[in-house]
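Some structures to go through are shown next.
There are two complexes below, and they share chain A, which is joined by chain B in the first and by chain C in the second.
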Partner chain A sequence: MVKEKLYPFHIGILIYMTQTGVLVLSLPRMLAETFGYNGWLALPILAAVASLNIGLIAIVHRMGKGKSIFSILESALHKAVLFPLYAALSAVWALTGCMTAKNYVYIFQMLSFNTTHPMLFKALLDILIYLLMIKGIYNISKASTSFFWMIQWMLLLLIFFVKDFSWVRMTPFFFKGGTDVLKGGMSVFTAFLGYELSILLFPYSDSNKKVMRAVFAGHLFTTFNYIVLSFICFGFFSFEQLKKLMYPVIDLLSYIQLPFIERVENLLFAFFLFSTVATVVMYLWAAQESMRQMMPGVPQKLLAFIIVTASFIVSWVPDTLVEVGKWLEYLGNASSGIAFALPMLLILILLIKKGAKL
Partner chain B sequence: MSLFKRVRHGKNKPIGQPDKPDVLPSLQQTLDEFKDCIDLVHRTMPEIQVEFVYFGHLVGSDPFTREIAVPFSSISADEVPSLLARTQYVETQSAKHLIKEILDGAVAIFYGGKCYVVNVYKPDNRSIEQSETEAVITGPHDSFIETAEVNLSLIRQRVKSSHLKVMKYEVGEVTKTDVYVLYIDRITNMGYVRELSRRIQNIEIDAVHDGNMLVQYIDDHPNSVFPLFPTTERTDAAVSKLVSGRVLAIVDGSPSVISAPASFFEFFSSPDDYYQRWMLGTATRLLRFSAFIITIAFTALYVSVTTFHYEMIPEDLLLTLTESRSRVPFPPIYEALLLETTIELLREAGARLPTKIGQTIGIVGGIVIGQAAVQAGLTSNILIIAVASSAIASFVIPSYVMSASIRLIRFALIILAGMLGNMGLIMGMALVVIHLSGLTSLQSSYLTPVAPGRFKDWRDVFIRAPFWMLKERPTQSKSPNEMKNKMKE
Partner chain C sequence: MRLLKAIVTLLLAGLLAAGCGQQRILEKLGFIQATGYDLPSEQEREKGRELLVTINVPKADPQGKMKLETLSASVKSSKEARIEFARQTELSLVSGQLRNTLYGVSLAKIGFMNHIDTLVRDPSISQLVKVSVVNGSAHDLLIKRYPEHPNTGQYVDRLLEKESISMAIPRITVYDFTRDYYDDGIDPIAPILKQNAKNIAVDGIALFHNDQYKTRIEPDKTLIFAIIRQNFKYGEMSINLAEDKGEEGQVIFSSVINHRKIRVTREQTDRFSVVIEIVTRGSVHEYTGNLKLSDDADRKKVESLIAGHIEREAGDMLVLMQKNKVDSIGIGQYVRNSMSYSEWKKLNWEEVYPRISIACKAKVIIQDYGKFK
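Then we have the complex of A and B:
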C-alpha cells in the first residue's frame, strides 16, 4: 500500500485550524481598541501582510523543490550554529503552544469551574494533546479535519444575529478612536499566526505547486471567518460596548436562546477546545520537529512526552489570565519574527547555493 | 488441556499436526491416525479388493451414491484400475494430505497399495433464512448460513462473472477452518487482497469460530473499541461491497462475512437505503447520524447540565426539571449510570432469552423498573426520557457491533460529563476523534471520506444521492476501475 501523504485539502484545513484559536474570542474587541470605528476593515490589510509572508514561504518551497527546511539549513550551516537556532525555534513554538492552551483554560474558568485548579484542566488538555501528537502529522491532519467539521458549523450561528444587526452601528467613520496602531496591530496579527508552520510540512506533502496554494486557501478562509465574525460583532455591539467586552464573541454566543436550551456560550465555548487542541498540537509538533534535529536518536514518543511535560511545567509560571496574555504577546511577536525571518534566511541560503553552482 | 499447556510453554510443536514426517498413505496407518474415532466409516468390498474410509456425516448421500456406491458395485475386479483412472479419483501420495482430505469430507479409496480420494463433501446445514440481526423491510431476505460453500454459492448466484475470484486458506491449527477470500478482478485493488490474505495466513491460533472472531485477529488495531471491518449476514450487502471494490472473507461455520477495507461511516449505511427512493434513503441516513449524536451525547449532556450548568435550562423547563429531580437523592451522574446500566442489563437479558420471554423482560423493564424508579424517587422522569432516547437511538445504527461500541463509549462520556460538565463532554468527544483519526482499516484511513476529505464520496455516505450521481466506486477502495458504469476492456 502506498504511504499516505498530506493532500492540499488537508494542508488548507490544517493551516486554518492552526490559525484559529481562542484569540478569535477577543478579536473584535482588539480591533475596536486598536483601529477604532470599523476596525474590522484592518483585517484584510493584516491578512495581506500574512499573505506576503506566505509568499516568502512559497519561494522557499519552489527554490528548495519541496525539500525539508532542516536539510536546507544543514546543507549550508554548521551544526554548532544551527543548535541554538533549533533550540530557539523549539522553545518559541513549544511555549506558544503551551500558553495558548493555558489561555484557553483560564478563559474557560471564567465561565465555569472557577474554583478548580487550572492546572488540572491544563493536565487533561495536555493528555489529549500528547495523544494526538504521538500519532504523527498525517493523523494530526486527519484529526484536524474532523475537528474542522465539528467546529465550522458554528459559523451558521451567526444567522441568529442578522435580526439584531444594525448598519447604524457601523458608523461612517473609519479607523477613528483607535489607540497604538503598531502595538495593537501586532497583537491582532498574532491571530493569523499558524500559517508559518506550513514551512515544516514540505517533506510530508506532495511536492507540487498546490501545497502553497492550499496554505494560501487556508489562510484566506481564516481571514473570511475573522472578517465575517468581526463584522457581525461591529454591527451587533455598539463601538463603546465592544471596547469594554473582554470576549465579545462569548457575549455574542450567550445571546442565542432556543426553546429548550439557553446560555449556550458555555457549551459552544467548549467546542473551541477542538481548534485549541489543533493549534497547540501543531505548535508542539513544530517544536518536536525542530528538537528532532538536535536529538535525532530519541524516539518520537519520548520527544513528544518531553515537550508536553516541559510545557506543562512552564505553564505553572503565569498564574493569571493577564500574565498569560503578556506571555502570549511576547511569544506572538517572537513567532511573527520567526515567520518572516526563517523563510528569508532560507531564501538567502538557497540563493547563495544557487550562485555558487553558477 | 495438554494442548494448551504446550502453547503456554512456548514449545514449537504445531498443535494437531502429525509429529512424524510425511509418508506414503496406507490403510493401516490411516486407521491408526483415526483410532478411537467411532464416527469413522471403514467399508470393504472384498470382491473387488477395494476399501473405503470416510466420515459418514460429512459425505452427502447423493454424491456418495454417484461417485462410490453405483460405480464400484457395478464393476468386476479387473475394471477397477480403469474406473480409478477417471479424473474425480485423485491419487494421493501423502499421508498428511490424505488425513486432511478425509477431514474435509472426501472418501479415501485403497486399492492395490495405492490410495485415491474423491470429494463427496456435503455437510448438513440449516436452510437459508432471513437474518435476525440485520432485518430489512424491502429488498432480498436471504442471508448467509454457517456453511461456507452455501455462502459462496449465494454470492456466485448474484455475481455471474468470471472476474469473481476465490482463494482458500486454512485457519486454526486444531479446527482447520476454511477461510475464503473473495474479490473481483479488475475492480478490487490487489494490494488489499494481498494484505488481507497475508494477515489471514499469519494467524496462529487453535480455533476460529466466527467471522467476528477472525476480524479481531486480522484488524489493524486490536485494542480499539471500534470494529474496523464490518461483518454482514446479508447476501446483497456482501455483494454490494464486493462490487464496490472491497475484499470479502467467508469463514466456514459462520454466517458473518467480513468485508475490508471499511470506514467508520460505512457502519451507518444499510442495504435498505438503496431500495427506497433516494430522498427517503437520505433522510434515513441523516436520521442514523443524528441517532449517533443522541446516543453518544444526550445522557451525558443531561448529566452535565443538571450537575454544573443549570443556567442553560430555560426558566419554563427548569421548573419541570427541578420538580422532577426534587425527590432524587443522588447526583445526576449516579442517577444516569444507574439507569444506563439497567437499560444495558435489560438489553443483554432480552438478547439472551427466547423472543416471548424477551417481551416480558421489555414490559418488566419498561413499566416496572422505569415507572417504579420514578415513583420511588430514584430517578427523574426527564432522565428516563434521555436514557430511553439514547438507547433507542443506539439501536437505529444498523451494525450491532458498532452500536455496542458506541454504547460503551457513552458510559465514558457520562462519567466525564459528571466530572467536568460540558468541558468533559467535549474532551471525551475530542478523545474519540483523536482515537478515530489514528485508526486504519487494512491500512486505509478509517475516517475516509471525512479525513482525508473525499467530497465525491459524501454523496454515498452522509446522504444517499440518486443513482445517476453515484457513478464512481468509493475512493477508499482504490479500485483500478473507478467508474461503476463501464469496465475497462
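Then we have the complex of A and C:
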C-alpha cells in the first residue's frame, strides 16, 4: 500500500486548527490583564518567539533529512533512557488534550445544560475524538480542513463590531497598567501552542522545504486571527471592562443581533467545538505516536482506546472550571518546555552524530 | 458482530435517552421580558429587604389572546427574587428572553451597579438587554395595564428601540452601561421613562456619576445632547428662533447628520481647554420665519442662527454637567489620550473636570429646503 502523504496546504491548516482552541475565548482578557493598555501588541512579539521555535524544528527537519524524530532519538540513546522521555511526552500531550476538551465542556455547560453531568458531555466528545484518532493522521488532517471552513467564516462576524468600535477607547498608552508580564506572558504564549506537534509530522510528509513553510504559514495565520480579534476587543470594550470579562469573545458574540434570530451566541459557540476537537485529536494523536514507541506490538486502535480512556479517567479529577484552568496552565507550561527542549535535544544528537562521522 | 451491534444499539439508546435529561417545554416556561428594580417601602427595608423586584411574563394562550403575568417581591438580592417568584407561578421562569431592565429613580440615585453585575455574570442573559431609569417607580410602571398595549414589556422595548433610531434617546444596553461605567474617561447614561395615565413616554436622559443618577437632560433637548456626544446619521430637532434675539419663527431641522470632534489643549498641569467642534447637516422642511430660504444670504443667516442655538444650548448643558460632575460625553477620554499614562494616573479627573473650560463650535449646513421656493 502506498502511504498517502500530507500536502503542505493541509499541514498549514492542521497547525492552525491545532493552535486555535478554547483559549481564544479568553485571550483578549488575558492580554489586557498581563500587558495592560493595547496589550494586543504583545501578540506579534509572542508570535515571533514561537516562530523561533518553529525555526528550531525546521533545523531538525533539514539536518535529519525528514526522518522521524523517534528514529533519530533511538539511533543515539538507549531505550532505557528514552522510555521515561516517551512516557513524559505522552502524559503531557494526552493531558493537555483532555483538559482542553474538559475546559470546552465546562464553558459549554455554563451556557446550556448546566446540571447535566459534565463527564457525560466529555464522554460524547471523547467518542468523537476516538473515532477520528483511529483514522490516522492523513484523515485527521482532511477532517481538520473541513472543520477549518466551518469556523473560519466566523471571522467575518467581526464586521458587526465596526459600528461600536472606538479609536478613543484604544488610548495612546502601550503596555501600561498590566501585571505580571512573565507569568501572564507564558499563559498567553500557550495560546500559540500546537505548532510544536509539527515535529511528529516528518514521516508523514515529503521531506522538502515546503513542509516547514506550511507550518510557518499556519502559525502566521493563527497570529493574524488572534491580532484581529484582540484588536477589535480592545476598541469595543473599555479597558477595565475587558479585564473583568472571563470570556470576552463570548460577550462579543452575544452582541450580535440578527433581524430573524436573537441570542445567536449559543449557536455560534457550538462552532468552537470543531476547533476544540481538532486541537484535542492532535494532542492525543501525538501522545499515541510517542506511546507507540514504548509498546511497538500493540495495535494502534487499542493504543488510541487506552489513551482516550486513561485521559477520560484523569479528567475526572479537576471538577471546577477554575481547577481545569489551573491544570491547563501547568500543562501549557510543560508543553512550552517540550516545544523548545525537544528540538534542541534532537539538534544536539544530530550535531554529535555528524561530528562522529567526520 | 452480533455483540458489536448490540453494543452500538445500547450506546445509541443511551445517547437518545440523554436528551430527556433537561427538558424545556415551551408552554411550561415563563419568559421574563422586563424586570423592574426599586427601593422597597420603609417597613420592608427595616426588615432587611433592600430591593423590590417586579417582572413581566407574557403567557402563551390557546385563544391567541395576550396574557401577561406580573409578579413582584421585596427581597435581599435580585437572584433571590427568582426563587421568590418561582413560588408564585406555575411556570418555570427563564431569563433568556429578557429585553428590558428598569430602575426606579430612588434606586438609581443610590446606584445599581451591583444589580447590573448579575446581568453581566449570568450567561443566560443577553448583553443587549436595555437599561433605563423610570421617573417614578418601575414597579408601578410594570404592574399597570395599558389597554392599547397589552404586552408592556414589548411595548417598552419597541418604544425605546424606535426612539433611539431617531437619536431622541441613546440606545443603552447592559454592554454600553458597563463599558462606560468601567471606562475612566466617561460616565454612563440611560434613557428615562415616565408613566402617563394611558401610556408610557420617554422622559429625557439620565446622567450618572459612576452608577449614581445625578441629573437629567430634558426630553426636548436630547438631540443637542446627542450632537455633542457622538457622530450619528439620523435625527430631528425643532428650534424656536424667537428665543434668540432678532429673529422669529420656528425651524424643523431634520435628517440631521452629525460629526463631532473634541480637541484638548493643556494650559497648565491641571488646566485644560476643550473645544467641541460640530459639523451638522440636514434639511429644513418647515420654517415659519420671515427669511427666504431660497436666498443664499438669508439661508446662511438661518444656518448661523441654528448654529448659534446649538452652541448656546450645548454650552448650558455642559455647564449643567460640570456642575453635577458628570462627564457624560466622554471628555475625559480625550484628555486621557492627550497625555502620558503616568500623568493621567496622577490627574484626579473627577476633581479637574468641573474646572476646565469647554467651548462648543457648531457649523450648520442646510443641505436642502424642500421642493418649494
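Of note:
Everything that follows uses one rule, which is that the second predicted complex is superposed on the first by the 355 of 358 C-alpha atoms of A that agree within 3 Å, B and C clash if a C-alpha of one lies under 4 Å from a C-alpha of the other, contacts with A are read in each partner's own complex, and residues count from 1 in each chain.
Keep this in mind: a residue touches a chain if its C-beta (ideal position, glycine included) is under 8 Å from a C-beta of that chain, and two chains touch if they have at least 3 such contacts.
Every value quoted in this text rests on a predicted model; they were computed, and no experiment measured them.
By the touch criterion defined above, A:Gln257 lies against chain B and chain C together after alignment on the C-alpha atoms of chain A. Judged by the touch definition given at the top, the superposed model places A:Phe113 against both chain B and chain C.
In the superposition on chain A, A:Met150 makes contact with chain B only, while chain C stays out of contact range. Once the two complexes are laid over each other on the shared chain, residue contacts for A:Leu124 go to chain B and to chain C alike. More residues of chain A lie in touch with B than with the remaining chain of the pair chain B and chain C.
Touch criterion not met for A:Leu182: it reaches neither chain B nor chain C.
On chain A, the patch touched by chain B and the patch touched by chain C overlap at residues 113, 124, 257, 262-263. Touching chain B in their complex are the following residues of chain A: 1, 4, 7, 9-10, 13, 108, 112-113, 121, 124-125, 128, 131-132, 135, 139-147, 149-150, 257-264, 266-267, 270-271, 273-274, 277.
Those residues of chain C that touch chain A in the shared complex are 15, 18, 21-22, 96, 123-124, 126-128, 175, 178-185, 330, 333-334, 336-337, 340-341, 344. Interface residues of chain B facing chain A in the complex, by the touch rule stated above, are 191-192, 195, 308-309, 311-314, 317, 420-423, 425-427, 429-431, 433-438, 443-445, 447, 450-453.
Listed in rising order, the residues of chain A touching chain C in the complex are 37, 110-111, 113, 115-116, 120, 124, 168-169, 171-173, 176-177, 237-241, 244, 250-251, 254-255, 257, 262-263.
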